[in-house]
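Take a look at the structures below.
Same chain, two partners: subunit A is paired with subunit B first, then with subunit C.
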Partner chain A sequence: MILETLADFLTVSELGSVLVEGLAKSALYVMIASGLTLIFGLMGVLNFAHGSLTMVGAYLGGLVMVLTVSQSTGLVGRLGLFFVAIVLVFGALTLLGGAIETTIIRPLYDRPPIYQILLTFGLTLVVDEVVRIVLGLYGMQPLSDWQAALATKPQLLREPAALGPIEVRWLSVFEILLGVLTVAAIWAFLTRTRYGLYIRAGSEDTEMASALGIDVRQVFTVVFALGIGLAGAAGTLLMWDVAWGASVPLAAETLLPAFIVVIVGGLGTFRGTVVASLVVGMTDSTMTWWFQNYVTFTGLPELMLFLVLVVTLIVRPQGLFGVEEVGGH
Partner chain B sequence: MAGLDWPTDYLRAHVPHLAIVSLLALYPSIYHLLANSLGLYEAEILLPGVETMTAVLYFGLFAMSFDFISGYTGYLSFGHAAFYGTGAYTVILVANGAVPLLGPGTPFVVSLLVAGLLAVLLALVVGLVSFRLSGVYFAMITLGFAQVLYVFIRGWDYVARNPRDGPSVGPTHSEGFQLGVPGVDQLNVAIGVLTGDEVTMLGHTLGGTAVSYYAIGAVVLLCYFAMQRIIHSPFGRVMIAIRENEERAVAIGYDTYRYKLAAFAVSGFFAAIAGGLFAGFRRSASPENSFYFLTTGDALLASIIGGFGTLAGPLFGRLFDETVREFLSKSGQGGGLLPYLRAGLGEETLSTPVVGNTSLGTLIDTLLNGHASLYIGIVFVLFVLYVPDGLLGTVRQRVGGKLAHVSAVRFGDGSTANATTDDATGEEE
Partner chain C sequence: MSLLELDGVHAYYGDSHILEGVDLSVEDGEVVALVGRNGVGKTTTLRSILQLTPPREGEIRFREASLVGLETHEVAQQGVGWIPEDRRIFSQLTVEENLRAAIPGSDGVSDGLALAFDSFPILEERRRQEAGTLSGGQQQMLAIARGLVGENDLLLVDEPSEGLAPQIVADVAEALSEASEDATMLLVEQNLPLALDLADRFYIVDNGRVVDTGDADAVSADDERFRRYLSA
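This part shows the complex of A and B:
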């Protein structure tokens, strides 16, 4: 029986669709996690509020779409508005991130790193509850996905796409494109701009960077703000995916995979995060396939993700690409 | 001479303990007196009910065990919920006859101890791997282990018919769990809201909830003293040394890995006892309120507000947490803000529009009721920023030492005071 299933699994069409779905999941994971890893790499702050801010991004992105998209808007119009929404949400959350860093994170840099975890954990409680209150005012259900936002998805992204013998969803293709775009943009920013150079210098040695005349305080604020902005952009994309959707539990649903990806890759290395999201995304899609076809255990994909985390930490505690000193306070 | 003096010295050093314990012991009577006999409505609104206080006790014990490892050694155990869940599930599964070798008739105390030992095993396995890491990585790997267990238990249909909702005590064990000395009927009482024993004492009848409150309170007190004893032993000194400067502790010659592992096991044991008490009282558990990482979050909340690195602090932190939650609860059961406002202001005032066409009542309903998390979250953030020592830690700083030592100075003779304040300096950080 297991051999038959294995034979099923190894056919071109099945393997191909698992691969494409895996890439789509990796794209989502890298979008969720890259903000987290930038912030940790530079500042050593493990941002527990990342998931909550992703969730806020999902709702804000949904809001923009719901307000602008009408029944008659076509495919191009909807996709165009979606990019407008991503830019708007990115901007809004970047501002929010900057405000958070300057008001409440900054006083904690002198304290042990545990306090930053604590503070951002408290922030999640506040953010989640504020979202619940706002939803309550508009009579929306906090626990179920926001259907009106899902409805703004163009028809094409609901349909399956055939790439030769492989059947995938158009949405997956869209997610992969967006993920590649995000990775390319962040990579270009880090390696091709002067500010990226500051960030890399600061990640390596904060004291030395500031001795060389870089205003590290300002770099901290900018990176925290950009990291939160990325969380918002990821949230906007998740709003269209039925597997995630805009809802309050999205906060915890995205936070935990983001942690896994960031830690498996090595806290603070962007390259590690990209590789780790591929590993995690592929594991996820493979296990999802096995769960749908062979194993009856419901939590299998989720279980495997955490096992990937645990095994990585046992075998290589600093993560795939991590440097040993980072984070080991 | 010392042989004759120590009992009085000991009592003197424990004046604050005695005061707190007797206050907690009198609480049901005080509550009953204020809320029912005198009919003070305000008391009923502001004070948490006895059932809530019971929850404060067992969850307070869990928060203490969390603080025992996290606050004293500085290793943030973000997967502590795994031990709490182990305790809760073990107790229920034993009662349902689902654990091999232990029938449904196993005394509650025995299944509590079994739960504790299972948690010790789990802590050793998790700790062996995790203590090779430190800082953020330690927090994350323990979180990882706990989430593996959470996902597993949520999908394993052996533990309950619907594992997502979690198990509850079935018909094989319809009577309440007997808490007390096993084998001696007179020294046992049944706990639970509905299944608890009624006890008549000095012409005063205590209901099931009040009896559970005392029985669980006694266990929690016992566990507290056990942990306190450990913290004040040379072993506890090493734990604090690890928090303050692990490299130095290693340099002095301590095998810190073993100390951390042992502390983790002890803390896991008491967390499981807390989980077992919770399951014994509620008679059901769900993955969300036992194994999930937000359960650890609640313990973290209680520890920070009460005082990180003070053993009793988390209990007060939890008391604060539960009081606010009950005050702002939606159902308004046993008091709360909304019923009070309804009675005090009348429907007419509540329906007056305040902002736009939103009435005062709706505004209160949307902003306050059921949204305690918001206010607790804000308080938590403020504590992290401005009161990092928490309630108890700050009180200690104000009075210049541990309360026990201060009271020893005040009530005792000079020699005791000197000895104890010297002893205390290492801990005030």
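This part shows the complex of A and C:
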């Protein structure tokens, strides 16, 4: 039985499909986790509110789409409006992130890390509850996906795509493209701009960076704001994916894989986050295929992600690209 | 008026009283050495100037303006550079990126890099290499170059010869000697002959305060005062 399933798995069509789905999951994971890793890498702040702000991004992105897309809006129009939504949500969440950092995170920098963990965890509860209240005011169900937002997805992204013998979803191809764009944009920002240089220097040694004249507190604000903006942009993309969708539970659903990716990659390293996203995405995709075709146990693929985490922590506790100590203030 | 003046500076780590009223001054163009045994407060003096360990009492003036209460980056922006103990280069950045991080603004990048590479040609050969992969001596050269390119009026140099092989110490001494022709320095150095060779004046620090001072040219390393305060 297992040999027959293995033979099926190793066919070009199945392996190709698993590969493309794995890349799509990797793209989503890298978008969800990169804000978290940037914030921890520089500031040493484990932002437990990251998932909740991703969920807010999903609802805001959905709101822009629901308000602007009509039945007659075609493929190009919907894709164009989607990119407008991503830019608007990124901008709004970046401003919100800046406000959160300056008003409630900054006063806690000189306190032990547990204060920031408790604060961001508390922020999660507040954000989730506020979203529930707002949804309640409009008669929307907080626990199930926002169908009106899902319905703004172009018809093409609901259909399968044939890449030679490999059958995949167009949405997966779209997610891969957005993931590649996101990684390229963050990479260029970190390595080609002066601010990116300050962020990388500050991530290694905030005291030394300050002594070179870099206003590290200002860099903290910018990084926190951009990290939250990225969370919002990721949420907008997830809003179109039926596996995720805009709902209040999206907060927890995204926070767990984001933490797994960030820890496996090495806390605070963007390169590690990209590689770990690939490892976790591919594992997820492969295990999903196996547990759909060999053993029927739908919850097991998610458990396998934790297995990746446990194995990493045993073999290389600092993560794939981690250093012993990062971040701080 | 002195470039830098410390007047009755007291600093603490938690409840530990480290500096117990440090008084010293550095004139424009001088190299001043702070010498003393381990743990007497030399490094803390430099950290207090940078406001990394802010003083609880006393005054620190740079070009007659108080530094007390400023943020560290504001002190640095006034022209105070730091070449720290243990180098503290950014190990995951390339050599060139380490230098760029120290150059204020983008206008002076090419001049800054040229200055660093003129002083330390090996750094130009390794400019694309991750700084963490350099040898200890090369990392020290990078730390010094990073201090030089910052357009600083005053350099705080902490134990530049610590942990280096004798030949590398000679190279570092030569680089600091060349740098001292254009820069004012406050130098902390355990290697007394090296400190006296580079410095115009010295202060002896003991138990968190200055206990003696003099002209470096007028003493030798086996002076009785150094034996009294520097011997273990």
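What we mean here is this: the second predicted complex is superposed on the first by the 326 of 329 C-alpha atoms of A that agree within 3 Å, B and C clash if a C-alpha of one lies under 4 Å from a C-alpha of the other, contacts with A are read in each partner's own complex, and residues count from 1 in each chain.
The rule we apply is simple: a residue touches a chain if its C-beta (ideal position, glycine included) is under 8 Å from a C-beta of that chain, and two chains touch if they have at least 3 such contacts.
Predicted, not measured: the structure shown is a model, and the values here were computed from it.
Participant: Quick check on the superposition: with subunit A as the shared anchor, is it clash or fit for subunit B versus subunit C?
Facilitator: After superposition on subunit A, subunit B vs subunit C: fit, no clash.
Participant: Is A:Tyr109 contacted by the first partner subunit B, the second partner subunit C, both or neither?
Facilitator: A:Tyr109: touches no partner chain.
Participant: Quick one: name whichever of subunit B and subunit C touches more residues of subunit A.
Facilitator: The larger set of subunit A residues in touch belongs to B.
Participant: So, A:Leu123: does it touch subunit B (first), subunit C (second), both, or neither?
Facilitator: A:Leu123 contacts subunit B only, not subunit C.
Participant: Now for A:Tyr294: first (subunit B), second (subunit C), both, or neither, which partner does it touch?
Facilitator: Neither partner.
Participant: Touch test for A:Gly213: subunit B only (first), subunit C only (second), both, or neither?
Facilitator: In the superposition, A:Gly213 contacts subunit C only.
Participant: For the combined three-chain view, what is the angle at the C-alpha centre of subunit A formed with the C-alpha centres of subunit B and subunit C, to the nearest 10°?
Facilitator: One gets 90 degrees for this angle.
Participant: How many Å separate the nearest C-alpha atoms of subunit B and subunit C in the overlaid structures?
Facilitator: Subunit B and subunit C, overlaid via chain A, are at closest 14 Å apart by C-alpha.
Participant: Taking the two structures together, which residues of subunit A meet both subunit B and subunit C?
Facilitator: none
Participant: Can you tell me which positions in subunit A touch subunit B when the two form their complex?
Facilitator: The contact residues of subunit A facing subunit B are 46, 104, 107-108, 111-115, 117-119, 121-126, 128-130, 132-133, 136-137, 252, 256, 259-260, 263, 267, 297-300, 302-303, 306-307, 309-310, 313-314, 317-318, 327-329.
Participant: Which residues of subunit C touch subunit A once you look at their complex with the stated criterion?
Facilitator: Per the touch definition, subunit C meets subunit A at residues 50, 52, 71-73, 76-77, 81-82, 84, 88, 90-93, 97-98, 100-102, 104, 106, 146, 150.
Participant: Inside the complex, what are the residues of subunit A that reach subunit C?
Facilitator: Spelled out, the residues of subunit A in touch with subunit C are 194, 197-198, 200-201, 204-205, 207-217, 323.
Participant: Show which residues of subunit B lie in contact with subunit A when the two form their complex.
Facilitator: So the residues of subunit B touching subunit A come out as 74, 76, 129-130, 132-137, 139-141, 143-145, 147-148, 151-152, 154-156, 293-294, 297, 300-301, 304, 366-367, 371, 373-374, 376-378, 380-381, 384-385, 388.
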